[in-house]
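Okay, so subunit A shows up in both of these, paired with subunit B first and subunit C after.
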Partner chain A sequence: MSELDAALTVFSQEAEELLTDMEDALLLLETNPDDSETINSLFRAMHTIKGSSGLFGFNCIVAFTHEAESVLDLVRNGERVIDAELISVLLDSKDHTAKLVEHCLTQPDTPIPAELSAVSERLIKQLTGRQETAIQQAAEKSSVESEGGGDISTDDNWLISLDFHYDAFRDGMDPLSFIRYLKTLGEVKEILTLAPDMPTGDDMDPENCYLHIKIAFQSDATKQTIEAVFEFAAEDCDIKILPPNSKIEEYLRLLDQQADTHVQRLGDMLINVGALTKNDVDHALQHQHADSLTEIEVPAKPLGEILVEQHVVQQPLVDQALKKQEQTKQKLASEANYIRVDAAKLGHLINLVGELVISSAAMNLIVERHALTDAGDVAASMNALVNSIRDTALELRMVQIGETFSRFRRMVRDVGKELNKDIELYISGGETELDKTVVEKINDPLTHLIRNALDHGIESAEQRLAAGKPAQGTVQLNAYHESGHIVIQIADDGAGLDSERILAKAIANGLVKADHDLTQQEIYNLIFAAGLSTKDQATNLSGRGVGMDVVKKNIEALRGSVEIDSVTGEGTTITISLPLTLAIIDGFMVGTGQDRYIIPLSMVDECVEMNPEECEIDEIQHYINLRGQVLPYLRLGDYFSNQIIDSNNKRESLVVVKFGQVKAGFVVDHLHGEHQTVIKPLGKVFDNLKGITGATVLGDGNVALILDVQGLINSAIKYQSSSFHRQIKTNLSGERK
Partner chain B sequence: MAIEVKQQKNGVIHLAIQDEMTIYSVLEQKQELLKYLKTAKEVQIDLADVTEIDGAGLQLLMFLKQEALAAGIKLSLSQHSKAVVEVFELLHLSNHFGDPIVISADWRTS
Partner chain C sequence: MSNLIRKDAGRNLAVQEQVGQYLTFLVASESFAVSILDVKEIIEIANVTHVPLTPDYIHGVINLRGNVVPVIDLSARLRRRSTVVSKRSCIVLVEIEIAEGAQLIGMLVDEVREILEIPPANIQPAPDFGTDIRTDFIQAMARVDDIFIILLAINRVLSLDELSLLNDLAHTQEHLAVAGE
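After this line comes the complex of A and B, so read on.
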C-alpha cells in the first residue's frame, strides 16, 4: 500500500464516521430541533469532509459540501430555521456525499457520472432554497434516464469454435453428431465448416480430421450446458465457446452483483457468473503454467490475457472482473483492515503475553523436572501456541515505516527551497515493518540526520556542477531487515565528510589528542561527539554542534546503533540499525558459574566447544584464534566478576557473536540453549551498568541478564593488548569492506 | 467396386459413389477419386447411392472440391442422397459446393 493509499484509507474512514455522526445528528434534530450542539456537529461534519476532500483534490465533493456547509452555517447562526423539509434534504445530501466519496475513492480518474452531478445540482438548489421548477426537475430526470439506458446488443449468438485434432475420426468422433445434438439446445444461426490446414493431393490423409467448425448459436442454455455437449470431444478437439454479446451485459451485471465480502480470483469470478467454465480456466491456467516453464525470463502472462487470447471470453468481461476485484480489495481494505485500538490496551496485551511466555516456560520446566511424559505433549502444543500468540501480538504493534519516511518529502522540499538547493528524496523499503514505539522514537533522529544531509551534505548547485555532478542533489532513504534488526540508511550524494576538518575541530575542542591513532572510521564517528560541527557558520537548520550526539543517544536508547561512512566527493551514508521490537526477543541463554545471561539469538553466530583443535586462546594478547580467524574475546565470568564455584569445570564453550560486521567471542561455562526472552527494563539505579541492557525472569523464577552485545564487543576489542591492537583493527576494518 | 465410372468422354468423367462415405471407406475412396481428378477435365459425381455419410465423408467431399478448384477442374455433385442433403443442411454447406440439390418428395415423409 502506497502512502497515498494509506492516506485515502484514513480519509474514507474519517468521512464514513463523520457521515454516520451526521445522520445520527439529523435524526436527533427531528425530535429536538433547537439543540445547538447537534447543529454544530452537523456543520463540523460537512466542514471537515470539505477540508479533507480539498487535500486530495476531490473537487466534486468540495463543491457539494461547500453548499451544505454554508446552509448549516446559516442554521448555526440562527439565520435559517431547520425544519423537517431541510432535515430530509440534508439527509439526502448526506447520502449523496457518501456516494461522491465512494466514487472518488473507487474511480478517482473518471469524472463523476452525469447522474451524480445532476443529483448534486438538484440538492444544492434544494439546500439553498432556490426552488427549481417541476419542469426543470423532470427534464433533468429524463436526461438521466436516457443516459442510463443503453443500446441492447442485437448480436445475441453464442460463438462456438471447434477445432478438431487429426485423430478425432480415428477415436470414433463424428463432428456431425455433436452438431446434431447441439441443435436440440437451440438454433444454429450460422455454421462455417473449414479445413484451413488440409493438405493437398496425396498428402491428405482422409482418415485425419482437418475440420474446423464455427457455429453461431442461439440458445438460452448456460455455458456449462453448451460445453457439456462437447464433453466427449474435449480430448480430440479445441473447443472455444464465446458467450453472446447480450450475455455479456448479463455477466457484467452479475459481476457487479457479486458479493464483495472477500477477494475472489479472476477465474472464480468468471466461473461464478457463468461466463467461463471450470474447463476454460483450467485450460488457461495450464497454458500459463506451461508458458512459465518454457520461458523463464518472461513473467507469466496474466490469466485474463490468456483467456481473451484463447477466445473463451470477451475483453470487457475480463476488464469488468478485474475492476470488480480491485474494488472489492479496496472496499475490504477500507472496511476491515483497521480497527482503532487504544495503544494502552495493546501494551497491556503485550505485557500479558510476556507473562504468559514466562509462565509457559515455568510449566515446561516442571513438566521436564518431573518427567511427566503425558503432560509433555500437551505442554509442547501449548508452547507452540504461546509462540504464535507471542508473534501475533508483537505483529499487532508493527507498522510500516513508509509513513514516517514520506513525511520527509515535504521537509526535503521546503528545506531545499530555503537553502536554494534542488534536492530529490528517494524512498525505498517503505513497507519494512517495525515496532510502533520504535517508529515514534526514530522520527526525531531521522529528521535531524536528513537535515544534516541537506544542509552539510549536498553542495550548492554551482559547486555540484563544478564537481561534475548533476545540479540536482539526491538523498536516499532506505529501510530493510537484517538479522532481527531493521536497518535504515540515509545516503546523500554530496561532498562527503572532511576528515581533516573534523579532526582539527576535535583536537581544538580537546576531544582527541593531537597524537591520536584513529582510523578513518573513528574520525567520522567523531561527529557524533557533543560539541562538534564542521560547518563554519551555523544556519538555523544545523551546524550548532548539538544534535548528532543526541541522535546517537536516542538511537542507543532504542538498543540500536548508528554508523557513518563517507567517500570524499561522493557522499555520506549513515546507517542506523535498530531492534525490531522492544518487548520480547528470541534469546540464547548461557551461564557462567550460577549466573545466567541472555544473548539475543539474532546476534549469535555460532557456538563451539573450547578445544585446542578448533580454537586457540591467547591469554596474554587476549585473542582467540578460531579456525584461523582472529577474534577478540571476553570471559563473561571474569567480566562480571562472578564467584567461581565449580573451579573444576574446564569444559568451557565459546559463543561467537556478531554485530554488524564485527565479531567477538564470549567464553562461558554452560550453554542453555534458546529461550524466549521477555525484556524487563532495569531500573534507573542500573543505568551505569556496562554490558547489560535488561533482565528477564526465567521459568524457575530466577533472573537472567540480557547482554548488551554491542557494548561487550567494544569492551572485548579494548581488552586486547595494546601491542596487538592495531593489527586486529586493520583486520576488522578489512572485513568490513 | 464402390465407385462406378458411368461415362468417360472428352475428359469429362461421370462417377457414381455407390457406398457409404464414412471413416471406414474414405481412405479407399480418396485414392480412387484423386486418380480421376488427376486425369479428367471435368468430374461429375453422382451421390444417389451414398447411403450414409459422416464427418470424414464430408471432409472428403470438401477435399475433392478443394483439389478440383486448385487444378481448375470442374467438379459437380449431383443426385444427392438423403443422407448427403441432411449433412449439407446441417452444416449449411449447400452453397459451398454450389450444386443444385434436388430434394425428392418421398424423403419428407420419413
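After this line comes the complex of A and C, so read on.
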C-alpha cells in the first residue's frame, strides 16, 4: 500500500508539473502560435497524464485527456489551426484536468461528481465541436499553399559558382571536364560564363584563366557529392555551392530532428544536415580568424554571418540552426540532471551545516584562546571550507523567482478578461534567485498586490484613451538583488493612488485625525492599514479593504519590508524587499554591557567612535551630527534595559545602520566584529517581541539575539521626535515657572 | 535518562493502570508537581541569555544542543518574586503541543525533589478558592503524606498564546522618558 501511495505522490507531483508546463506553453502559444516545439510539449503533457492515469485506473482522467490529446494531435499535424478560442478551451481543460486529478487522489473510491463530468462533456464538446470546420479550413489553407508553391520549383536548383584562379590552366585544369563530370550526377539547367576581371588588350595573358562559371544544376545528390566533383580543382578555384530552396526545407527539417543530447557548434550542425561541407566551414573559420587578427578592436564576426556572406548557405538556414542551438542549450539547462530531493532532507542538511558553522566558530575560539599557532592554519583552511559548504548548502535551496512570476501570466490574462481590460504583464529579472521557503511565502502577497494593480490600478480602456495613454495597460514584475536583499517590484501604468481619497477615507475611518499633517509617502502607507479601501464598489477580486494589511504583515514576517510609490496619472510602484535566505546570514556582533547582539551585516553602513568632540551629539533630541548629516540614534543598552545608564566615562561606538533609504545609529559599548550567524527561531513565545527577530548560538555556546534593524530604526526615529516634543514641553513648563 | 523514566512510567501505567508518576519541585519554597509524562528532560542551569523588553516571567533563552529554547521563570509566572538562581536551580524542559508541532519550553525551578507515585485516590480536584495561584493553573491537588501538593496544568501555565502576549511589559519609551526628565 505504501508503495502505491509513494507512486501516487509521484503521479500527483508529475501531473502538477506537467499541467504547469502546459499552462506556460499555452500562454506562449498565444503570442507565438506556430511554435511546433511548444505544441509538442502540450501534446506530451496530455499524453503523459493520460498514460499515468491509465496506470492507476483513473478512467475519468483518461477519458477526458484522451479527447484533449486527440485535438492536440491534430494541431500537431497541422490539421487544425490553433487560435485564441482553442487556447482558451485548452486552458480550461488544463484546469479541469487538475480538478479531476485532485478528485481522483483525494476520493479515489467515489465516482466523479455530476458537475465535474458535466464540465468534462462540455469541454469535450468545445474541443471537438469545431473540429470539422477547422480541418476544412486547414485543408483549404494547405491547398492554397501548394498551388502557390509551383512557382518556386522553377528555380529549385543548386547554384554552383566556380571562380577559377589565374593559374588554373597552367596547373592543367580543364573547367569543362568538371562540368562534364557534374552531368553524371544530374541535369545542368543553365550555365553562365563570366569573365569580370578580364583585362584589355596587351595586359591579357592568354595563359591565365579568367573564367568564372555559374551553374544552375538540378540533382538529388548531396552537397558533399557535388563538392567531391570539384575536389581536384579546389586549389585553383573558389567553389561556392548554394543548395536549392527545396533543400532548405529539408535541411530545416533535419535541423529540427537533430538530437538534443548536447550542444553542437553551429558549423557542425550545418555539416550534419548536409547544408555545408567541412571545407566551407573551415574556410569560413579561417576567414574569421584572419579577420580577428587584422582588426583587433572589432570583435570577430559570427560564423553564421560569414557563411552567409560567402554565399555558401542561406540566411534562414543559419537562423534556424542558431535557434536550434539556443533551444538545445535551454533544454539541456532545464533538463540539467535534476534530482528530486525531499525538502525535509534538505532542511536537515542546512540545519547540520548551521551546527557545523557554530562548531567551527567554537574551534576558532579555542585556537585563538590557547594561541595554538600550528593549529591556526588548519583552523583557517577548515573555516574556508565550512564557509563554502555553507554557501553551497544554502544555494541548494535557492530557486529562481521566474517560475513564481510566470504563474501570474495566467492570472493577469484571466482577470484582465473578467474586468474587460487589456493588460499585458512584463516580467524581468526572473533569473533572480532566492530561498525556496521565501518564494513559497511570497506567493500570496504577490498575488494580492498584482490583483490590486489589475483591479484598482489599471483604468478601463476608455479612461486610458481619454487620459492619452495606450488602451493596453501594462503591469511590470521585476526582481533584482540589492545588498543582501532581493527586491521585487510591481509597477502598473494605471491611474496612481488618489492621495486625497485615501486621506479622506482614513479620516472617515478614524485612522488619522483631520488636522494631522501627513507627507505624501505617509498617506500612501495608509493603504497598508487594516480596513481601508478606496474602491467604492467592492468586486469579487479586491476592494474589500482586507488584504493590504495582511500583505504587509506577511512580508514583515519574512523580515522584509514593503514600500509604495505613486504618481497620479502615471501609475503605482510597489517595492518589496526581502532577505535572500532565512537560514544563515553574515552578521556583525556588538555588545552593550554583558549582552551581545547581532546586526545583519548587509544593513551596517559604518562604525564610528561616539566622540562628542568630533561630532555634535544632541543628547536630548537624540540625534547626532555625522559629517553634516542628521542621524537619529538609539542607545541600545538604555533602550533594552529600560533605564538610562550613565555613559560619561565609557568609550562608546556608533554603528550606522540603514534600511532602504532610512539611516539611524545604534550606540553600543563594544564592537565584536563579523560573525557567521545561523538564524534560530526564537519560537512562538516571542512572536510579539519588538526589536529582536531571532537568535543565534555563538561559538562559546551562548545565545546572542539578532536585532530587528527596521523595527529599531523606526523606534529611534519615533524616539527622536518624542524626545523632541518632550523637550518642547519642558521648555514650555520652564517658561511658565 | 528521561527516556528511562518515561518507559517505566508507561509500563507502570499499563500494569497498575491508575497510579501516576509525578515530578515534584520547589518554587519559591513551595512544592509543585507535574506529570512525569510531560517532562522531557531536566538540565542544570546553563548560561541564560536575557531577552530585552520582556516581562519578568521570561527568564531568557538557552542553547539546548543547538536549539534556542525559551526559559520561563515559574516563580514569576505564578506571581511570586523572581527566582534568584542558586546552585540547586534547575531547568525542567517540557513539550507543549502547538498547531505547527511541539515547542520545547524550559521552566526555571528552585530545586527538583523527587518522582512520586500518587494513586488516583489521593488526587482531588482543585479547590475553587483558597490558593493564591490562578485556579486554571491548577490541574489537581495531590495528597502526599498528608501534605497537599499542587499538580500544575502545564498547558495553562505555559500557554503560548498567553506567554507571547508579553503584556506585563511596561514599555520603554515612557519609562525612559520619565527617567530622562
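Here, the second predicted complex is superposed on the first by the 373 of 737 C-alpha atoms of A that agree within 3 Å, B and C clash if a C-alpha of one lies under 4 Å from a C-alpha of the other, contacts with A are read in each partner's own complex, and residues count from 1 in each chain.
In the analysis below, a contact is a pair of C-beta atoms (placed from the backbone, for glycine too) under 8 Å apart; a residue touches a chain by one contact, two chains touch by 3 or more.
Keep in mind that what you see is a predicted model, and the values were worked out from it rather than measured.
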{"item": "First (subunit B), second (subunit C), both or neither touched by A:Asn32", "value": "neither"}
{"item": "Which of subunit B and subunit C A:Asn77 touches, first, second, both or neither", "value": "neither"}
{"item": "First, second, both or neither for A:Phe169, with subunit B first and subunit C second", "value": "first"}
{"item": "Touching partner for A:Ala195 - first (subunit B), second (subunit C), both, neither", "value": "first"}
{"item": "Partner chain in contact with A:Thr184 - subunit B first, subunit C second, else both or neither", "value": "neither"}
{"item": "First (subunit B), second (subunit C), both or neither touched by A:Leu211", "value": "first"}
{"item": "Touched partner set for A:Ser641, first subunit B, second subunit C, both or neither", "value": "second"}
{"item": "Comparing the two partners subunit B and subunit C, which touches a greater set of residues in subunit A", "value": "C"}
{"item": "Touching partner for A:Thr110 - first (subunit B), second (subunit C), both, neither", "value": "neither"}
{"item": "Subunit B and subunit C contact sites that coincide on subunit A, given as residue numbers", "value": "none"}
{"item": "Subunit B contact footprint on subunit A (complex, rising order)", "value": "168-170, 173-176, 179-180, 183, 188, 190-193, 195, 198, 200-202, 204-207, 209-211, 213"}
{"item": "Residue ranges of subunit A touching subunit C (in the complex, touch as defined)", "value": "351, 354-355, 358, 595, 638-644, 680-692, 695-697, 701-705, 715, 718-719, 722-723, 726, 730"}
{"item": "Interface residues, subunit C side, partner subunit A - complex", "value": "46-47, 49-54, 58, 61-63, 66-70, 72, 98, 100, 103, 105, 160, 163-166, 172-173, 175-177, 179-181"}
{"item": "Contact footprint of subunit A on subunit B as seen in their complex", "value": "23, 26-27, 29-30, 34, 54-56, 58-60, 62-63, 66-67, 70, 87, 90-93, 96"}
